[in-house]
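These notes open a run of structures that come right after.
In the two complexes that follow, chain A is the common piece, with chain B as its partner first and chain C second.
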Partner chain A sequence: MIRYSIRRLVLLLITLWLLSLFMFALQQLFPGDTLTNISGIRPSDGVAYELAYQHYAMSQSWLSQYWQFFQHLLRGDWGQSLVTQRAVFNDIMPQLGATLELTVLAMIISLVIGVPLGLYAAVQQRGPLDRVIMAVSLSAYSIPAFWLAQLALLLFAVKLGWAPISGQLNPLFNIPPVSGSVLVDIFLSDSHYRSAAFVDALHHLWLPVVVLSIIPLTLLIRITRNATLDVLQQNYLRAARSRGLSESRIMIKHVMPNAMQVIVRQLGLQFSLLMSNIIIIETIFNWPGIGSSLIKSIYERDYPVMLGGLFTLAALILLVNVAVELYHAWRYPQVRKELYAER
Partner chain B sequence: MSGQCHDCSRISPWQLLVIAGFSASLVACQPATNDVEPLQQGLVYCSEGNPEGFNPQLGTSGTTIDATSAQLYDRLLDYDAEQQQFVPALAEHWQALDDGRRYRFALRQGVHFHHTDWFTPSRSLTADDVIFSFQRWLQPSHPYHAVNGGNYPFFTSSGLVNLIRQVERIDDYTIDFHLSRPDSSFLANLATDFAVILSAEYGQQLITTDQLQHIDRQPIGTGPFQFVEFRKDLLIRYQRHQHYWREAPYFEQLVYVITSSANKRMLKLLTGECDVIPYPLVDELQQLDVDDEIEVSSAVNPNIAYWGFNTNRPPFDQPLVRQALSHAVNRQAIIQAIYNGNARQASGILPETSWAFTELDQTHEYDPQRAKQLLQQAGYAQGFAMRIWAMPVQRAYNPNAQRMAELIQADLAHIGVRAEIVSYEWNEFRRRLDQGEHDSVLIGWVADNADPDNFFGPILSCAAAQGGNNRTNWCDPAFDQLLAQALAETVADNRRLLYQTIETYALQQAPLMPIANSLRFQAHRLDISGVELPPYGGISFRHARRVTAPIVSGEQP
Partner chain C sequence: MNILDIRNLTIEIDGDNGPIRLVDRLSLQIAEGEIHTLVGESGSGKSLLAKAILGFINPRWRVTADRLWWRHYDLLALNPEQRRLVTGRDMAMIFQNPGSYLDPNASIGAQLQECIPNSELKGVYLRRRADRKTRAARLLHRVGIKDHEGVMRAYPFELSDGVAQKVSIAMAIAHNPKLLIADEPTTAMEPQTRSQIYRLLSKLNASHGMSVLMITQDLTAIMPETKRISMVYCGQLMEVGTPQQLLEQPLHPYTEAMRSMSLANHSTPVKTRLPTLGGAIPTMANLPIGCRLGPRCQYARRACIETPRLRKLKQHQFACHYPLIEVKNYD
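This part shows the complex of A and B:
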């Protein structure tokens, strides 16, 4: 396991390093002044620009430029926004919190609903309920997220009034953003109206979370069902049955753990899918996360913010994927063995 | 019993989770309660965009003015549009001395500045603050002059920079403005949303901590609301200024939620997420039957939408060509198609709301035959090709410049002029206009004050052509002479006559074609009252309040 972990972590570091190289290349390729694209300081800023010129070693070879850039990146000094002149890193962290809140909740919902439904469909294979679940999940999977989000807004927010149209919380609840995740922030705040704010936050939260969870949910149903069906055909289950184990014991002790292995392996992939959808969902619901800020920075040609957002999203996806792989390998040793055998 | 339990436990963890999930979502679906205190004591205004900063001295954009002037700051005097007179604000009274070359202002005592986390005022307003605020844009050597851009477009284009020779402190509460010449628009200019008073003490504090640019980002003023936070693309939060020198506002909190999509603004007004919205989609709102919840109000807005010709570029340097083009456009059709009749066809550059307005029609009537003749005289019998620049954004004076350009394009085709429509992103658009890259442009002007000069000086004078809002780049010394003459005149009736002469001169020269004067709209929920949309300047929430029972719109004043 240690050897495997080290290999994964080294690979992660190399990928992150390649990512930083890629960002560095992008900065050179973006139109305009390269130093401005990196630091957000314009040539018209006088002394600050000259200082930055030295800090980023702009007069030296590209190698030392890259080295300076890399150091700034590690230090969390990601320059300042061209629009607001605020430090990019400090602005991105609460956005990351807001994005993670949506992602984690959507992931939990799709796991909590998707896995049992998949299991159930597999047990009822070719039964009427199985067909219904499969049909619904397939059609839900084929709906594009942006369209579904608009429809859900029209129905639940405008027509039924069950949810607000946008935002995290009624802004009149003056909850200071600390982590960016609205539920955590309410918990941390010392407002007198915490419970009312909490209800209001849930009220704002449920619709984007549900819409966001639809695609991983439908995929998880199908993956779980197929995995369970595979497991159900294994010989050891026949053996278990012939030994007279009850169906429930077989499901819990033998089928589920083995089916879960396939599901866990897919989680990293599901997460990446979720991240691409979250950009759309955040924009539609005006959620103050990285996705919507990334879109805005593209409109405004705010390169430092754009690069910061890109890097954070990419690093997040990489980290989660590695974490899932490590967990997978730790939890299911046979995977590890296969990997070593391949060598 | 045990068998049942066994059955239960088989699926119960999942079942429990599912049930928990569903019940959580049911809680979330419940409409949130509205009678919590903060929600009752706050107002949500869904504004159309991010302000450029929090100091109106630095900009002319309507969004910035709406977000700052009337909320954060006060001026020396205010203009009461209903009574058409100046009323005291930070100055209790004033008098003109030396034949109008000197104005003496007596300041109000005991006016408190905002007390915030980042600034604790040690004194109330004095003459030093007024001097600080004016010197910032008057004196290039002032420590704050170059901070945050250092452009003061209103003061440059209105000529105040050259008009005010000196600001002199007589004592703590008396101040003299020395003018280079008598100017009847001086008081009007001081009453605009741009001439705000900042805190000199705060300026000094920022110099000590070397954070000069904070003066426009974490503003301190004397206004009815004080700044709390600004989160770009999300919100601006203000709170009540407890020690406001007038009656403190009703709302404890005022939040601008930034909602750039007009459609979303309307929907959020419907769901009650916004209490007040600017620039509503009037037609769409009227089609929805929501009169019992929402009221759309309109205010007279002293504005003019016009089609300006870049007189630096041939063939627009010939008055004949400009006249011909003005004759070629059917403006009546534009009023119907673009404004849905919610505007008045302009009869000159001055709108109906100005006191110098006269009924005389000072525009070129729609006459394609005459247009063709004029083109022939100018030597363009075969017509020519040109470009019409159309604004990409919605403005009070022009809800849809693109569509308007298409109508004009069709009219021009009748006289043999082939027009092409051009547009850019708004900031880029203005930047390129400044560089004079356009043939002709569909744009407009909203007056900053009640003085008629505000409709000519800022958009047609030579000074404005050099570094202001003169999009025609037309610079005619004779015209400037007329403007100066009108400004020097103090008798209102004589001034009115002079402005008629000016209109006639502009009609003959036709640097621009006036199109329409329109209304500015806003929509609010019926339980909000007192949101003021003054004709000159930005929205004000000082008198806004929530009425407990929604009242029928007919009963509203």
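This part shows the complex of A and C:
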């Protein structure tokens, strides 16, 4: 297990390094002045530009240029925004918090609802409820996220007024941003209106979270159902039945753990899908996360912000994938056997 | 006294041209403490019979029988839940490929402890858990595993087939079943492991009076303690008798063919044709009528299109119109 973990982590580092190489290449290819694309400092800035020219070793070979860029990247000096002139790294971290808040909540919702529904559908295979669950999940899966988000906005925010149209929190509440995640920030702040702000934040949060959770939810239902059906046919389950174990014990002790093994693996693979959905949802709900800032930076040709956002999202996806793989191998030992030898 | 009494058990499934009889009026009696061996080629319905006894029934199968009694329970009259309680308490089964009958994601210790019924444990919560553990270790010792710590911690994929089979025997005997059904438990194993497992089963049989229904393909590789053998071909019962009767003076041509096949060895003269039974086992869709051995039987005559009745010569039963030796006083 230790050897496997080290191998995974080394692979993660190598992939991240390749990502930096890719970003460096992108900067060279973007239109305009390369140094401006990297650092966000324009030639018209005079002395600052001269200084940056030296810092990034622009007069030397591209190898030393890359080396300087790499060092800046590691140091968290990702240049400044071309539009707001603010440091990219300091802006991105709270955005990451906001994005993670949406993602984690949506994931929790889809897990809490999706896994039991999938299990239920599998147990009631071909029963009327199984058919209803599968039909609804398939049709929900086929609805594009951007359309669903706008429909939800029209219905719940505009027509019914159950949720605000956009944003994270009513600006009346003066909550200093620390982590970027509203709920955490409210918890950390010492405002007198903490409980009121909390309610308001939930009010803003529920609609984007629900819309975001639809796709992973439908996927989870289907994955869980298939995984459970597969487990239900295994010999060891029939043997457990023949031993006279109770049905609920078989479900909890034997079916669930084995189905979860497949589900965990699939979740890791589906995470990038969730990330591409979150970009759309954040833009539509005007959520101050990485996704909406990435879209905005593309419109504004704000290259340093664009690259910073790209790097953060890509690194996040890689990290989650590696974390899921490590968990998978740690929790389900027979996976480890396949790592070194084929079955 | 017979603890298991099966009369004319039939298993049918629906085929394209009407129902197909996978098991045709099979009868089987097992006495208390008896080791009974069921011999037949693969596809002869041996495992189906075992599954029908345990109630592992596929909803597409139609199982009917004149009698399917386990001690004083009529298994066919019980509802599935009651039946599972009875069979789960009194019977256990071990399988040909033990690995696939163990939950891959649970440690052996957890699975073994799960099999020990609560009613056997003493004390309350913590004592109970400790008791469960020591009992599990004792079970592993009983089946000949010395390193109980290591095996309990292991996961099924880490065990060899022999050890996995011993573990599944340990799981099977955890609740002291009255009948153990062993479905080709040693087919994939080397002879050494096989004799270990046979010795283990016969020890359990002797010490606990546990009856064993051993299912195997090889007439000569039966357990030495076997009391009676049932020969099955294509879902039909051919001959039942003691090992001595079947191996020394078989009455049924099928038993004779199996015996001579199994006995061919290095003392067979050089370059002689090895004894075989001509033809192949018929497919499910093309089962012959009457005695199903008919097309492959060198003694078959016209009468064989009628299924022969099971006839009895003292303790020796056979189903053949033309037994190998002249039999007069049967009923």
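Observations
Here is the rule we go by: the second predicted complex is superposed on the first by the 341 of 343 C-alpha atoms of A that agree within 3 Å, B and C clash if a C-alpha of one lies under 4 Å from a C-alpha of the other, contacts with A are read in each partner's own complex, and residues count from 1 in each chain.
In this section, a residue touches a chain if its C-beta (ideal position, glycine included) is under 8 Å from a C-beta of that chain, and two chains touch if they have at least 3 such contacts.
Predicted model only: the values in this text are computed from it and were never measured.
When both complexes are superposed on chain A, chain B and chain C sit side by side without a clash.
Residue contacts after overlaying the shared chain place A:Tyr236 against chain C, while chain B stays out of touching range.
Looking at the shared chain after the overlay, A:His254 reaches chain C, while chain B stays out of its contact range.
Taking the Cα centre of chain A as vertex, the centres of chain B and chain C in the superposed model span 160°, given to the nearest 10. For chain A, the partner that touches more of its residues is B, with chain B and chain C as the two candidates. Within the superposed three-chain model, A:Gln71 lies out of touch with both chain B and chain C [touch as defined at top]. Look at A:Asn90: by the touch rule set out above, it reaches neither chain B nor chain C.
In the superposition on chain A, contact of A:Gln28 is made with neither chain B nor chain C.
By the touch criterion defined above, A:Trp206 reaches chain B but does not reach chain C. After overlaying the two complexes on the shared chain, residue contacts for A:Gln125 are found with neither chain B nor chain C. By the touch criterion defined above, A:Pro333 reaches chain C but does not reach chain B. Note on the superposed arrangement: chain B and chain C approach each other to a least C-alpha distance of 16 Å. On chain A, the surface touched by chain B in one complex and the surface touched by chain C in the other have no residue in common.
Those residues of chain A that touch chain B in the complex are listed here as 83-85, 109, 112-113, 115-116, 153, 157-158, 161-167, 170-174, 177, 193, 196, 199-200, 202-203, 205-206, 210, 248, 251-252, 286, 288, 292-293, 296. Considering their complex, residues 234-245, 249, 253-254, 257-258, 261, 332-334, 337 of chain A touch chain C.
Against chain A, in their complex, chain B makes its touches with residues 6, 10-11, 14, 17-18, 21, 24-25, 27-33, 36-39, 41-42, 44, 213, 228, 231-235, 237, 253, 255, 257, 259, 264, 267-268, 270-271, 273.
Within the complex formed with chain A, the chain C residues making contact are 54-56, 84-85, 87-89, 91-93, 95, 97, 100-106, 114-115, 155-158, 168, 171, 175.
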